[in-house]
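Okay, so chain A shows up in both of these, paired with chain B first and chain C after.
Here is the complex of A and B:
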């Protein structure tokens, strides 16, 4: 279960990062072995579903474009990636890193050099955008008292 | 997960080429078809048999196979098809070892005979020009086909399969990168 939660986190970070950012971080990590493409990268549509109010009957929200890729490193592990959009390079890079992160010998270095900086940048951007949005927040209670 | 190999190098055109070859094979029973695009199939799958499965199997076709966990994992990954343990419940069957009993497979119904199972059988060799004399729809006068590695009672089982028409099992024979088909309407005479 721990492994699954950790993997979900790094796959999410890779899916939210763009290809150039991933490649820039990967360039500073120890070189990875060659990989073969098992499937893709290929682009298709995925139906996203929602629930009214979070617990109502499920309904189809709409289709989104998703690119997926599965690779196998020369020394064994298989990595998968599903990323939003049409960026085949991002999907392949994410799949390669997912494969390498499952290898205990590479896990720690890759996590520190690739995943953590990307996660920090994403968290900083999210905080920046949240702050920007918060500045325009309307307090309805305040408006009532201002009249 | 470590033994996975790629499927078709270019999935869409390769699967279309194999589908075309299967149509040709079914329309001309006993004629051997070959396609250059072969998948990297895990042993003991023959390349042609693996290509036929990749072409035909999808999420809506239950598949039965006896080729071991490596091949099952490979097929599940690339085709996304459900694998069943009971031969009678399968839409497509792949037999790399002993041939399942034809009488035990899903032969369709009188109303919907096209819902029957297709058996993909790996054999040791396929040669035209000698051996069995094939007659029936799709054959002008006769085709000759020699098949190596079939079980002893095959001809009797095949004759019984033909008598169930319109119900019945269709057969795809694969050897290496070659395939030939025997639809249920083909009659076989003589020794293989």
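Here is the complex of A and C:
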């Protein structure tokens, strides 16, 4: 379960990072063995769903493009990736890193050199956006004192 | 003879398409528009094409807009056509809009509410005066101000009303929704199917219908309980993994319209909701979808079905601009034989009318 939560996290981080950013981080990490493609990378669609009223029965909102890839590293582990959009290179890099992260010998270094910096950059972007949103928050000072 | 005409038609079509390509490019002395420019600077057009094309992909929508020379219905058509070439991997888990990373969130029913009113990047309160500074080009605007965001939760306004028992709750359900892209519409259409049709429906058509409900064709008394726009995570469970994973984030706009409901034999008087959810930043569309969703619930809530916006067949059969375009524009195709028979009939009728 711990493993599954950790894996969901790194897959989410890789899904949000573009191929160049992933490749740049990977270049700093210990070299990975060769991999073979088991499937893809291939682009397809996932039907995105919402809920009626926001919290009721599901409905089909519309499709989104998703690219998936599955690979096997030369020394064993299989990795998968499903990422929003059509970037085959991103999906393949994400699958390779997913495979390598499951290998205890590589896990720690890859997490520190690839996943954490990407996660930090994503958190910083989100924080910047949240700060811009916060600057447009309406303050009802006058209204509050009038009441 | 017929064969010669076909050859002639082919050459004419080729020439017409060559001219179209030239017109699309415009004056070659001007720099060509890039997809990145369309995506970044015509972002709301991109969002509309994704919503009505029923396919979320900003790059493909930008390409469709470029190819369609800015004709957004043509662009939605191109996107719909392209999606049929891709395999379907499956369906996502329903997106959690309550957990949205909010860029905008307003309520017209509560002045102060948990999480506050956040205006976001809105046209509201602009003066709608043409800004000639934009015509001058070359300017990069100063970065928008930032303020400490803090830890904020933004509970739904409908949830606040539901806590008091004043809002009809949605029934919890994980029922597999029917899919318009896989099976034809039939009536009565259940609400999830209607919402799918409205989400991809034409904004202009739905706007007019929503407006008609406000003007008395459908007896609506709506309030904007809440509009929120921002990024939601999309989760998908690949069969080979057996647990849901995060595909990334998409921007959506959600509108909860709060409406009076007088009550019925089985239900006390309470508020009911109309719901709108669309890809991208599409506030007008989300609002209008919520108005029409509520109007279409008339039968379910025991209200009289009298107005166009309450009529499922009328709304759902006509809200799709790609279908509507297909049937309207097919009138341009050769109808020579049909028309020949009409001509003969009219001539006959005239002879009979004049001759007797």
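As a convention for this text, the second predicted complex is superposed on the first by the 136 of 147 C-alpha atoms of A that agree within 3 Å, B and C clash if a C-alpha of one lies under 4 Å from a C-alpha of the other, contacts with A are read in each partner's own complex, and residues count from 1 in each chain.
One rule holds in what follows: a residue touches a chain if its C-beta (ideal position, glycine included) is under 8 Å from a C-beta of that chain, and two chains touch if they have at least 3 such contacts.
On a predicted model such as this, the values are computed, not experimentally measured, just so you know.
Trainee: Using the overlay on chain A, decide if chain B and chain C clash or can fit next to each other.
Mentor: Aligned on chain A, chain C fits beside chain B.
Trainee: One more residue to check, A:74. First (chain B), second (chain C), both or neither?
Mentor: Touch status of A:74: no partner.
Trainee: Once the structures are superposed on A, label A:44 by its partner contacts, choosing first (chain B), second (chain C), both or neither.
Mentor: second
Trainee: Who does A:3 touch here: chain B (first), chain C (second), both, or neither?
Mentor: Neither chain B nor chain C is touched by A:3.
Trainee: Considering only the touch criterion stated at the top, classify A:66 as touching first (chain B), second (chain C), both, or neither.
Mentor: second
Trainee: First (chain B), second (chain C), both or neither: which does A:36 touch?
Mentor: Touch status of A:36: first partner only.
Trainee: Would you check which partner chain A:105 touches, where first means chain B only, second means chain C only, and both and neither mean what they say?
Mentor: neither
Trainee: Looking at chain A, does chain B or chain C touch a larger number of its residues?
Mentor: C
Trainee: After the superposition on A, what does A:127 contact: first (chain B), second (chain C), both or neither?
Mentor: second
Trainee: Once you lay one complex on the other using chain A, what is the shortest C-alpha distance from chain B to chain C, in Å?
Mentor: 6
Trainee: Share the list of chain A residues that count as touching for chain B in one structure and for chain C in the other.
Mentor: Correct list for chain A: 42, 70.
Trainee: Which bits of chain A are touching chain B when the two form their complex?
Mentor: Per the touch definition, chain A meets chain B at residues 36-39, 42, 70, 72, 76-78.
Trainee: Which of the residues in chain B end up touching chain A in this complex?
Mentor: The contact residues of chain B facing chain A are 1-2, 4-7, 11, 77-78.
Trainee: Mind pulling up the chain A residues that touch chain C in the complex?
Mentor: Residues 4, 8, 11-12, 15-16, 42-66, 68, 70, 80, 82-86, 126-138, 140, 143-144 of chain A touch chain C in their complex.
Trainee: In the complex formed with chain A, which residues of chain C make contact?
Mentor: Spelled out, the residues of chain C in touch with chain A are 50-51, 54-57, 59-60, 83, 86-95, 97-98, 101-104, 111-112, 116-121, 144-150, 156, 158-159, 170-177, 179-181, 191-193, 195-196, 199-200, 230, 233-234, 236, 238, 240-241, 243-250, 252, 254, 256, 273, 275, 277-279.
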